[in-house]
Each structure stands twice: as C-alpha cells, then as structure tokens.
Amino acid sequence: MAANNAPTELDKEQIFGMAEKEMEYRVELFNKLTSTCFNKCIDKRYKETELNMGENSCIDRCVSKYWQVTNLIGQLLGSNRPPM
Amino acid sequence: MAANNAPTELDKEQIFGMAEKEMEYRVELFNKLTSTCFNKCIDKRYKETELNMGENSCIDRCVSKYWQVTNLIGQLLGSNRPPM
Amino acid sequence: MAANNAPTELDKEQIFGMAEKEMEYRVELFNKLTSTCFNKCIDKRYKETELNMGENSCIDRCVSKYWQVTNLIGQLLGSNRPPM
Amino acid sequence: MDKSMLGDLDSLPEEDKLRMSAMIDQLQIRDSLRMYNSLVERCFTDCVENFRRKSLDKQEETCVRRCAEKFLKHSMRVGMRFAELNQGAATQD
Amino acid sequence: MDKSMLGDLDSLPEEDKLRMSAMIDQLQIRDSLRMYNSLVERCFTDCVENFRRKSLDKQEETCVRRCAEKFLKHSMRVGMRFAELNQGAATQD
Amino acid sequence: MDKSMLGDLDSLPEEDKLRMSAMIDQLQIRDSLRMYNSLVERCFTDCVENFRRKSLDKQEETCVRRCAEKFLKHSMRVGMRFAELNQGAATQD
C-alpha cells in the first residue's frame, strides 16, 4: 500500500477542531482573568464611573500574578508550552 | 464580473452559526435570570414545597427588574436592538 | 409509498448530536461533582500537599451522596434512566 | 425553556426550516441536561452539609426534594413572566 | 476580545484561512453575547437588592450604569496588560 | 476524565466508530483545557490576596502549588469512586 501523506477529511476536521478548542481556551482564560481581577480589585459600591489609581495598579498586578499562576500550574500539569 | 446574490456555502454556515449563537444567548439569558432570581427571592431553608406569596411577588418584580437591567446595559453597549 | 428504514443524513446528525450532548452531560456532571466535593471537603488553607484521612473519607461520602442526589432528582424529573 | 421563545421559523425555505428545527432540538436537549446538572449541584450544595455517613439521611432527602420542586415551580413562573415581557417587546417593534 | 490574540492566520492556504476566519468570527460573536449576559448578571446582583417595586429606582439605575462602565474600562485595561504579556511570551519563543 | 466513562463504541460500524472516537478526543481536549483554566482560577482566588507587588511571593507560590496538587489528587479519588458507582449502575441494568 502506498503511503499517503495528504491529510484526510477527518484529519483536517481534527486540526480545525483543535484550533477551535485552543481559541476557546484563550477566550475563557481572558474572561476568567477579567472576572477574577474585577472581584479582587474593584470596589463594589460603585461610587464612581472611573477606575481610581488604587484600582488601576491593582489590576496591573493582578493580571501579572494571574499570568504567573497560569504558568506555574502549566508546569505542574507537565505542559511545557506557554499558556497561550 | 456579474454580481452573484445567491449565498455561498460559507455564507449560509455563517447565517446558521449566527442564529445558533443568538439562541444560545437567549437560553443563557433565561438560565442566568432564573438562577439569579432564585438566589434573590427564595428561602434556602426549604421549609415547604410551594412558593409562598412573598416569594411569588419577589419573582415577578425580579424578572421585571432583570429585564430592565438587560435593556439598560444593552443601550450602554451601543446595541439598539431589544435583548431578545 | 415504500417504507425506508435507512437513517437519513439529518437523522444521523441527530444521533451523533444526541451522543455528543450525552457525553458533555457526563463530563459536566463529573466536573461539578469534583468541584462541589472539593468545596465541601478540602481545607482551603492548603497547609499540606497530601489529602489527610478526614478529607479522604469526606470525599468518598460526598461522591456517594452526590450520586444519590443525582438519582433522586432524576426521578423527580420523570426520567427513569440512571443518570449515566 | 419553551421552544417558541427561540424564534419564528415560518419565513424560511423548507430545507432550512428542517435544519433550524434540528438545531433547536439539539439546543433544548443540551439545555435540559445542563439544567439537570445545575439543579443537582444547587440542591446538593444547599442541603447536604455533613459527611459522617455515606447515605443521605431523611432530613437531607426531604430538603433535596423541596429544593428541586421549588426550583421547578420558580423556573416555570419565571418562564411565564419572561414570555410576557418578550411578547411586549415584540409587539412594540 | 481582540481578534489578533486568537492567532496568526498568514501561514495557511487561502481556503483554510477563510474557514479559520469564519470560525474566529463565530467565537467572537458568542463571546460578546456571553459577555453581555455576564455583565447583566453581575451588575444586577451587585446593584439590585430590594423587590418592593417592579421598576428600577434611580439609585439602582445609577449603580448599574457605573458597574457596567467600570467593568468595561476594567476589561479594556486587562486586555492591554494581557496583550503585553502575550507579546513577551511570543518573542521569548 | 477517563475515556472509558464516555461510553462503549464496540457496537458501532467502523466509520461511525472513527467519527465517535474523534468526537470523544475533541471533548477530552476541551475538557482538559477547561480544567486547566478552572484550576488556575480556583488556586489564584484562594491563594493570592495582596496586590502590593506584581510578582508572586514565596508564600503565594507554595499555596498555589499545594492547591493544584491537592486538587489533582482529589480529582483522581473522585474519579475512582465515580467509576465504581457507574459500574454498579451499569451491572444493575
């Protein structure tokens, strides 16, 4: 039997499916990050419309730490690729 | 080149995909509304099986207010269509 | 008109779609069970890496009770098949 | 969730109507299974507090039954109110 | 969510590029609708506490507006920081 | 999640078996990615409380490690118990 290196229909579906799951993962990561840092940093009494200085710097640090936790747990799970 | 107004295969997929997302949105809206109003209105000690009068009127007002919040935020997001 | 018992393309899509939903349901059941029992049984101060004896027996009972609640509510919902 | 809330299919050609209707069926199946999972999670969380035994005691079982029935009644009432608001919004157009 | 975060399509053949791009569009539509739903749930939960009337009072309405605007500004800032970190990770490769 | 929990494929024709198996693979990929996201969210929420610096301190890092390892051990134990109950339910049929 001759070797056939062209991807079959099913292979292609797999590749697209994989890409789709990867993108869903990124969207979900971003949404969880956004929601978690909102809970950690934002005053829920909503006394103003603008983010104040304390909130802004909290957000920056929160994103940075969340990113580190993502990498840390990624290492523990044995994945050696970056989270994105 | 002649104009071709018949939708292509990909266009059609887009239209069905769009309709599907819209329906998913409605289902999710209904589920979040139900769950949020349950949390706001229902006594969690579960002393009885029936909804009492206080719970019933709380539910009606909760649905009405949730609907208003949906519209209000819809306006802020710049969408000028109704939430459903 | 002759009866035609071969499944149509759409029927087949339905069957695969049904199987997919059923599997999604099982995955979600497992994930909710895991997360709920973690919240009920695990000490969030994370003083150690191992599960201690109290946590282990709590987990076993939690899974067992969760299973019973799944069956109980399945009966109430009028489904007479087991949850899996 | 009531099927009629998901939209009006009458304006579509026959073939698309079939496909759309199959899609709605799939969404409804997924939605009922998710609802089942959420209901179990909610009533378990609210009603089961002790893990000294591996079987539900009488009190927990009663609590779970009431929780589930109450949720279903609640859900039906929300559905009615929601449908009214939707209808109002539709006729305003 | 910014489309550029979802990956680089330049290396694909034309046909697959179209399909991938359609897929990204679909994901973005779903994501905006979900974001809309979550924002409503969050601001409703944080701002609406009393159910003595069926209409929002002035205070609740103000709270909802601020909540939504604050969330959007927050989300934009998170997006900027997140993109920076992503870029850093990409150039490290 | 263990693949065997998702059903028995032996009774299907070859072509459908392939397709079903591909579907299960896709569900498993999605499930592991979601699990990863949830684990990060959970351990971050439980372990990171202060935002006076932009890097994790030693204590936070230890907490995150323990949280993640504990969750994985917990998840494995739940999986074992769950499989036993499933098997019991299957043989009752």
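Observations on the model:
Which chain is which? They are A, B, C, D, E and F, in the order written, and residues in each are numbered from 1.
Basically, a contact is a pair of C-beta atoms (placed from the backbone, for glycine too) under 8 Å apart; a residue touches a chain by one contact, two chains touch by 3 or more.
No experiment lies behind these values; they were computed from the predicted model shown.
Contact with both chain B and chain D is made by no chain of the assembly. Note on B-D: across the candidates B-E, A-E or A-F, the interface recurring with over half of the contact pairs conserved by residue number is A-E. Chain C and chain D have Cα centroids separated by 17 Å.
Between the CA-based centres of chain C and chain F the separation comes to 13 Å, rounded to the whole angstrom. Along chain C, residues 22, 24, 41, 60, 64 each make contact with two or more other chains.
For chain D, residues that reach two or more other chains under the stated contact definition are 19, 34, 38, 47, 65, 69. Around the closed ring of chain contacts, the path that opens at chain A and continues to chain F reads A, F, C, D, B, E.
Those residues of chain A whose C-beta lies close enough to touch chain E in the complex are 16, 19-20, 22-24, 26-27, 30-31, 33-35, 37-38, 41-42, 44, 46-51, 55-56, 59-60, 63-64, 67, 82-84. Residues 10, 13-14, 17-18, 21-22, 24-25, 28-29, 32, 36, 39-41, 57-58, 60-62, 64-66, 68-70, 72-74, 76-77, 79 of chain C touch chain D in their complex.
Here chain F touches chain A in the complex through residues 18-19, 22, 25-26, 29-30, 33-34, 36-41, 43-45, 47-48, 51-56, 60-61, 64-65, 68-69, 72, going by the rule given at the top.
The touching residues of chain F, counted against chain C in their complex, run 1, 5-7, 16, 19-20, 23-24, 27, 31, 34-35, 38, 42, 46-47, 63, 65-67, 69-71, 73-75, 77-79, 81-82, 85-86, 89-90, 92-93.
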